[in-house]
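The following blocks contain the structures, represented as structure tokens.
One chain, subunit A, links the two complexes that follow: it is found with subunit B in the first and with subunit C in the second.
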Partner chain A sequence: MAAKPGSAPVTYSPNLGQKTRPPIFKDNDLDWVRPDGRGFHQCRPAFFRTGAVNSASGSAYAELGSTKVIVSVFGPRESKKAMMYSDTGRLNCNFSYTTFATPVRGQGSDHKEFSSMLHKALEGAIMLETFPKTTVDVFALVLESGGSDLPVVISCASLALADAGIMMYDLVAAVSVSCLGKNLVIDPVLEEESYQDGSLMLTCMPSRNEVTQLTFTGEWSTPDINEAMQLCLDACSKLGKVMRTCLKEAASASQE
Partner chain B sequence: MVGLSVGEKHFIQGGIAQDLRSDGRKRLTYRPIYVETGVIPQAHGSARVRLGATDVIASVKAELGKPSALQPDKGNIAIYVDCSPTAAPMFEGRGGEELSTELSVALQRCLLGGKSGAGAGIDPTSLVVVEGKVCWDLYIDGLVISSDGNLLDALAAAIKAALSNTGIPKVNVAADATSDEQPEVNISDEEFLQFDTSGIPVIVTLTKVGRHYIVDATSEEESQMSSAVSISVNRKGHICGLTKRGGVGLDPSIILDMISVAKHVSEQLINKLDSEIAAAEASEEES
Partner chain C sequence: MRGLQLPLSQTQRIRLQRALEKLQSLSCKANSDASVTVADTIPVNYEDAFLKGHGTTDLNGDLVATVCGVVERINKLVYVRALRARYKPEVGDIVVGRVVEVSQKRWRLEINFSLDAILMLSSMNMPDGIQRRRTALDELNMRGIFEENDVVCAEVRNFQHDGSLQLQARSQKYGKLEKGQLLIVDPYLVKKSKQHFHHLEQFGIDLVLGRNGFIWVGEHVEARDSMVVDQANSSEQSMVPEEKNKTHTPLEMRQNICRIANAVRVLSTLGFSIDADLILETVELSSTVKIDIHDMLGSEFHVLVAEREAERRSLVGKRKR
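And then the complex of A and B:
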């Protein structure tokens, strides 16, 4: 681009739209449709693929709408010499965003607590006593953040652990629900998450009907809590079936 | 904390099953709470809460800053907890970082509400001075001095007491500011604005040991827990935040039962805490 003589070169920065937007719905607007046309109680179609990273013991790639994550599992490996002897295995989780994952570069580093939340969600499902003295490392990377990042990463991580052959009690499926005014929407996208009045993230083992992690944000009344938890449990059991199908396909493909 | 022998573990679990804990409390009884306000004179508000041997301090400092471009009518609130090595030697350096982050995130979740600001215990719109240009940045810092279990409940109580003790200085804005420049602000030394803390929720942590839940666990009882759920309840009986801690899975019906128990316990706790805070403020004014 030709710059005017004597002026500083103009750099191009994309216009992200208005910074302040009116709320995407009005309180009494019952005809409001979600940005991607889904129903309020409809999750995004899930795409899972194991074996994404060749050099890892196990890995998985998940894509739900515009949220894309990749998780790789290394281990069981020898624990660092500095760590004490332990007769159960150790789980080490690391969650990070790429710098290009969010619309504004580098915004993903706000979520330092996601590593420990991932750890807590997975440790209830893994049989740690089957690999004493060793550590299993789970590294999660969000390639594109499209909303509902942590639940997608948890589901993808449990697939990666299964792909690595780590013994588990059950797969872990995770789903989040947003409260927007009086409506409960499941599996929110980034735009819906930024306007939410409250959110619930539930992680469960579908076959055992056990909740491994649960977090509520915002103000909830008891009937809303019941409804939201029921929605999440249903969605988790369906997601569990999708994950199982993916593992079966991968196993039968490798046998051919 | 020294490790527990098998006999001690059985004693704790058996006592909880029979509704008689090691210090004589029932399962749903809190330890006596002592609140002192105004312990840090340089901060805009502060409080110290003692719950048995657990001792925490919360301080509130306010500075003038700029509101974020996405929400120009709201001030900024940051909550951060630091675990001091005086509580346990393993907190030295980076050792206490994981616990600090977990406590900070749980408190932010309970007190700041959803992303749109709805359901927040502290109303961020009350912190704005000039919309879009000048607002108060509220820094709430918690310090754990001594830890004997139930840190989250003590910190939430300390933050509630510190906020009721907080006086934000009144700001006079120069009336002839144009829309482009930063307006001139004059911070008054005399007049202060008090926060309305009746909307701030309390946190009730229910620890599951065996088949029963206890409230306000000591660190010995926490070492025997299978899982714990921290529920934040406000005066209206609505849940303002919930965090499940501990790795063991829980049946969903148990979680719903815990929520109703927490609501029941929180009524007494809110009343007790309010009366303690009022007594502390009164004694501070006398001295």
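And then the complex of A and C:
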């Protein structure tokens, strides 16, 4: 740290004008063919079923293509952290992968980042003031990761919350869009996610037309942003209808 | 998975479906258009004045549901009754709970509610039956009365200002439950009735139907009346509990307990309301068909119970007309 008298002070400043990563699709005319033969604006067929876990207050299983998740909801119940009286309830989210979820066997640790994103997506939709002083625990487990894990988990979690009888403003549907060169691809698979230049995940409440969470990564141009958001909103409303039919079927099956 | 997930053969599946269809046609509340999911609009005549109840909210002037359930209308009140929700306690309900924690002058019990219920030391009868002020010595001996993981039967006394529940166990029929099984079913299957304590004489078994969905099936214990106790007998009776701990429950008693417990499990899987008469009939059915205790949880017995319930309800319906 001893500077010689008369020498310039040592500074640190970033080098501007140098891109950190060359774009994967250098050739503007490259066309991407989706591995499962879908159109660019076509989502995978969704399968939802509630009541997957017997011991939980509410639970749901979702399968979109090869992405399979189970979400279980416990509560409202008392928790040690909620000892202080509060007017609103607490939402506690936990997102974890199983060890066999990825093609290469992994550690199965829980993702703190995804947990907090799941929390932000759901807390706008739940009426927290209906269960003061108690906690609702949401545990999400990804059984197989086949691309766009977080959006599938968010949709599945809102179904599980509805199954548990927790009051919500609306169901939450989530969809993600990937930018591959000049193409916008909805509901990306694992392979497409690894090649993407940018991604957008939109979580919205379809009947209320309100967005609870918006996540952009990568480089986006303004017309692409507009187009991608329109795509997402359309897909979310369609996904919302699918989720609603699933709940209605479950409700009519259980009524005696 | 929730619901009936038994391996049913083709004929069993058809029989079960027919029985369930018959039950559905007999039930008077067969209005499936009243079921709503989250954010469905509730059909209401907006000119009439109506009250918005639980499970509803206002969205741009429309009445919208916030839970999945059935729309109920009582006079001017419109609310949505959730299909699967936690137990909703009322004052005077009899509940069965498990002790979670022993803290200062109170026990915390887990009942199937969003908060733990509190049983104060002062709401509990002392073992010697004398009504007196609880001293510090009583507080230190709390563990001698109830410990963690004990099953306790009590009555709901009141709600506190922050929403938590206070219980009381002031008479001899409440208190620690021993020598039996605790079963957990959905709370809406246990309806409010005049009697929640049942003593099944032919089996010598006590049945406690807690309104929170916790059901206790256990060996019959003679309830001592604390008023009759006088000084001479009190020393004798204080020795009796120690002797009871040493007595072994006979095999036949245990088999009866298991049979009744399995009958309750079958009824809860099929989704029928649980009351003592129905349980007794199911147990009689199992003994007439000479089915083994562990076979009671198999598919054949489930189908038999469903069919018999459908017949019973159609007979009741015919008698009414």
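One rule holds in what follows: the second predicted complex is superposed on the first by the 215 of 256 C-alpha atoms of A that agree within 3 Å, B and C clash if a C-alpha of one lies under 4 Å from a C-alpha of the other, contacts with A are read in each partner's own complex, and residues count from 1 in each chain.
Following the convention adopted for this analysis, contacts are C-beta pairs under 8 Å (C-beta built on N, C-alpha and C of every residue); 3 or more make two chains touch, one makes a residue touch a chain.
If you're wondering where the values come from, they're calculated on a predicted model, not measured in any experiment.
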> Of the partners subunit B and subunit C, which touch A:M205 in the superposed model: first, second, both, neither?
Replying inline: both
> Looking at the overlay, what does A:M167 touch: subunit B (first), subunit C (second), both, or neither?
Replying inline: second
> So, does A:T99 touch the first partner subunit B, the second partner subunit C, both, or neither?
Replying inline: neither
> After superposition on the shared chain, which partner residues are touched by A:Q107: those of subunit B (first), subunit C (second), both, or neither?
Replying inline: neither
> After lining up the shared chain so the two structures overlap, which partner does A:G58 touch, if you call subunit B first and subunit C second: first, second, both or neither?
Replying inline: second
> Looking at the overlay, what does A:S66 touch: subunit B (first), subunit C (second), both, or neither?
Replying inline: neither
> Is A:P132 touching the first partner subunit B, the second partner subunit C, both, or neither of them?
Replying inline: second
> If you lay the two complexes on top of each other, which residues of subunit A touch subunit B in one and subunit C in the other?
Replying inline: 205, 208
> Which positions of subunit A touch subunit C when the two form their complex?
Replying inline: 50-52, 54, 57-58, 75-78, 85, 127, 131-134, 162-171, 205, 207-208, 244, 247-248, 251-256
> Along subunit B, where are the residues that touch subunit A in the complex?
Replying inline: 69-70, 72, 98, 101-102, 105, 109, 113-116, 118-119, 229, 234, 238-252, 255-256, 259-260, 263
> Where on subunit C does subunit A make contact in their complex?
Replying inline: 1-3, 20, 23-24, 27, 32, 35, 37-40, 55, 57, 59, 64, 66-70, 82-86, 114-116, 162-164, 271-272
> Which bits of subunit A are touching subunit B when the two form their complex?
Replying inline: 19-20, 23, 112-113, 116, 120, 123-125, 179, 193-199, 204-205, 208-222, 225-226, 229, 233
